[in-house]
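You will see chain A twice below: alongside chain B first, and alongside chain C after that.
Up next, the complex of A and B:
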């Protein structure tokens, strides 16, 4: 991995105001978990909602969307991408460095609070399962959103449509839609790694989820690399 | 200002040419560049054209940031599009003033050196920062810099790997007069060592000071290419204007009016203003006429060979 690009990306990402949007989400998750845990309701009543639907279904993808679309998208927007592109560096190296940073930031800001929430809700096994499920989901999501930032000028809007309409609505009515839902892969892997608990509802097999998540990562990375190879500066015709 | 060795680090470099062959580029239905064939060799070359003429599009194609819709663009014989290896010999300063404001100049240039895979990135960084005279401010964040300082930082990043080809889009933007002179001197020295330097500018005086060789783009087409004084002499459809001083201006004026190659003569306080249809014929005949009339010529100055005149003639035609 190109550490220079990774370092520049991390500094650029963590220095932007947009990253502040990530802070309230882990606090919200742990706060809600503590509140629910203090209530008379049993974990298997509230955990699927707080950990599954909110944690893996909303917080993880939204964090990945903000981070994944920013690592390259903002540099394209403000033109600083030319400084990296005007170097003899293979485009795959640039994409991998960007992806690793996006994945690391997303994992730290989602997997850690999910692990804490899992421990509070049930057990250490659930915490580990949630953390690993979130880490795999973070990789698939960021690869997808990174590719989107090179395919469209509105990656955030398209990403929101995917998260809200596809993953949180369509999946409810069309069972086949689950095979293309990263949320379902995270949920399935978290559940499987936690030992098939009663607090997470998964619908895919663990192997299928792992293979499909890997496919998302591979295809997203390949498309992003291909798009970056053909990146053209537009809009200036003087 | 800290005294810095501003000599580029090598005395000779491998020369590389930038070549466009039958190149066109269109955005949708709009043709931005139309069938341009040109070669930019070692030395300093100015890229000129009115706003919207296609200069930046040409530079972006040379820099590998735009594919030609038709034709080929090569740098040192290799295609620039989809070929990151070309940046080993190419340095680029784009027009857009975009630099990561959270970095210092030192960090920014050092990162460029590392991305170029230089063995001694720290030394190359120090050298490049010294060349653009940014030593005193190198540890401040770029976001605190003036426009000129940002521009010099970008130039340092483009120079850090000692490229044989340097493409600069409006490089003097934001620089004060002293910095401009310094940059011009630097570009001259680099050109003398065999580098190919192409820069675009709207300021004709800058181009005139820096380079006699120009590529003029008008409405997406290559309108002229070469030394602008030579280009002017080839413009046979426009009379050439000379200011002549002699021992007998009135007598010389009368004698010149008899020549076919002269279309007009005016007697001015500064001397004779002569409009000649044919540069070569007139300059050959003038001395003969003066000798025959026993008139001593003290000054013969082409008065419309400035780049500004050449450029305005090209744009008007």
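Up next, the complex of A and C:
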């Protein structure tokens, strides 16, 4: 991994005020968990919505989408990508550095609040399960969105359609769509690691989820590297 | 022809014809924005996404019509179609609104607009109208397909007029949905010139509000549970549909709070428009 590129990426991502936009989501998650915990309703009733639908279903993919598509996307948009491409650095090293930074930022902003929410809602085991599930999901999502930012001029639009229409809409009607949904992998892994609790509804087997998540990461990284090798600088879609 | 003090008369002339003024430039901004929302007059790559989404919506509507024709009663009314499609159409708005507002900010085009006849509010309203129209087209296409399918499968000419009568509430509800969705999306898009963050902001509002309202509904009882639906724009709009057009819909349980949903939707639309105009009053150009 190239520490210089990683450092520059982290500074570009965290050095501006807009990173504060990511802050309301964890606050919202923990706040809602505390509020729900104080209410008379049982965790079984609200935990699938707060932890599953809100935490793993919206906050994790949304953070990963914004972070994953901006680590390389902003450089392409600004044209500063030429400075990196002009250096004698292997393309795979660039991709790995970008991916690690995106993954680390996404994990810190989602897995940590999810762990806290899990501990509040049920037990330490649920907290650890959620944190690890979110960390694996974050890696798969960021690899996917990073590859997308090199394959299309409008990665956010396509990523958004994937999250909204595939993961949150189609999965409800077509159960086969689950096998290609990162949200289901993180949900399944979180559930499996927490010891199959009643507060998360997962539908895949843990082994399938782990293999498919690894496949997403591997394919995403490979495609991103390949695309960066033959990268052509073009303007915005006119 | 040559006057005193003119060395060479190279034939410059003053324009003395009619000037088209504010109205016309506003109309031009509107037309240009609606066209660019669907990628008309732009490259094939820019057309791909909006056209694909429109086709997808029409296909879904076609499937519903075909399935409906196998049953004695249609499985979905026109208003029901609008309510069902609203979730997907928020994704369209989140992609289109930055296309309309953020690109001009990013490429610093606003000084060029504002140095000409249209005022700042004219520009804001033209863009708002364009987003409303584009979103409405996304509703109107599937509705029209449904209408044509239903009209063809009905027997007599009277049935066709009956269908037309049913279509009108559907179109009205589509218009209400478009206005409210646009009033949420466009002010957010006008905040930033980066399309990445503009899309992220809009979608965060639409996506986050759904589970929040769902969670509040799950752990509150009585009146509070009915009112929790107000927090989610899609739910709010479906509540308005239920109140105005009386569709049977088990997603939102509005109880006796129908008028509150109506007032909330109206407030949201007015607030969105006011914020948009205020934003363009302040924006640096």
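In this text, the second predicted complex is superposed on the first by the 231 of 238 C-alpha atoms of A that agree within 3 Å, B and C clash if a C-alpha of one lies under 4 Å from a C-alpha of the other, contacts with A are read in each partner's own complex, and residues count from 1 in each chain.
FYI, a contact is a pair of C-beta atoms (placed from the backbone, for glycine too) under 8 Å apart; a residue touches a chain by one contact, two chains touch by 3 or more.
Since the structure is predicted, the reported quantities are computational estimates derived from the model, not experimental observations.
Room for both chain B and chain C is found when the two structures are superposed via chain A, with no clash between them. In the superposition on chain A, A:71 contacts neither chain B nor chain C. Of the two partners, chain B and chain C, it is C that touches more residues of chain A. In the superposition on chain A, A:8 makes contact with chain B only, not with chain C. Of the two partner chains, neither chain B nor chain C is touched by A:111.
By the touch criterion stated above, A:134 is placed in contact with neither chain B nor chain C.
In the superposed model, A:53 makes contact with chain C only, not with chain B.
In the superposition on chain A, A:165 contacts chain C only, with no contact to chain B.
Of the two partner chains placed by the overlay, only chain C lies in contact with A:156; chain B stays clear of it.
After superposing the two complexes on chain A, the closest approach between C-alpha atoms of chain B and chain C comes to 11 Å.
Within chain A, the residues touching chain B in one complex and chain C in the other are 237-238. Against chain A, in their complex, chain C makes its touches with residues 42-43, 45-46, 49, 53, 87-88, 90-91, 94-95, 192, 194-197, 199-201, 203-204, 207-208, 210-212, 214-215, 218-220.
Contact residues of chain A toward chain C in the complex are 18, 21, 25, 28, 32, 36, 39-41, 45-46, 49-50, 53-54, 57-59, 62, 65-66, 69-70, 73-74, 77, 153-154, 156-158, 160-161, 163-165, 168-169, 237-238. Against chain A, in their complex, chain B makes its touches with residues 27, 32, 51-57, 60, 63, 65-67, 82, 84-88, 90, 92, 94-96, 98-100, 102-103, 108, 111-112, 114-117, 157-158. Those residues of chain A that touch chain B in the complex are listed here as 2, 4-5, 7-8, 11-12, 15, 78-80, 82-91, 229-234, 236-238.
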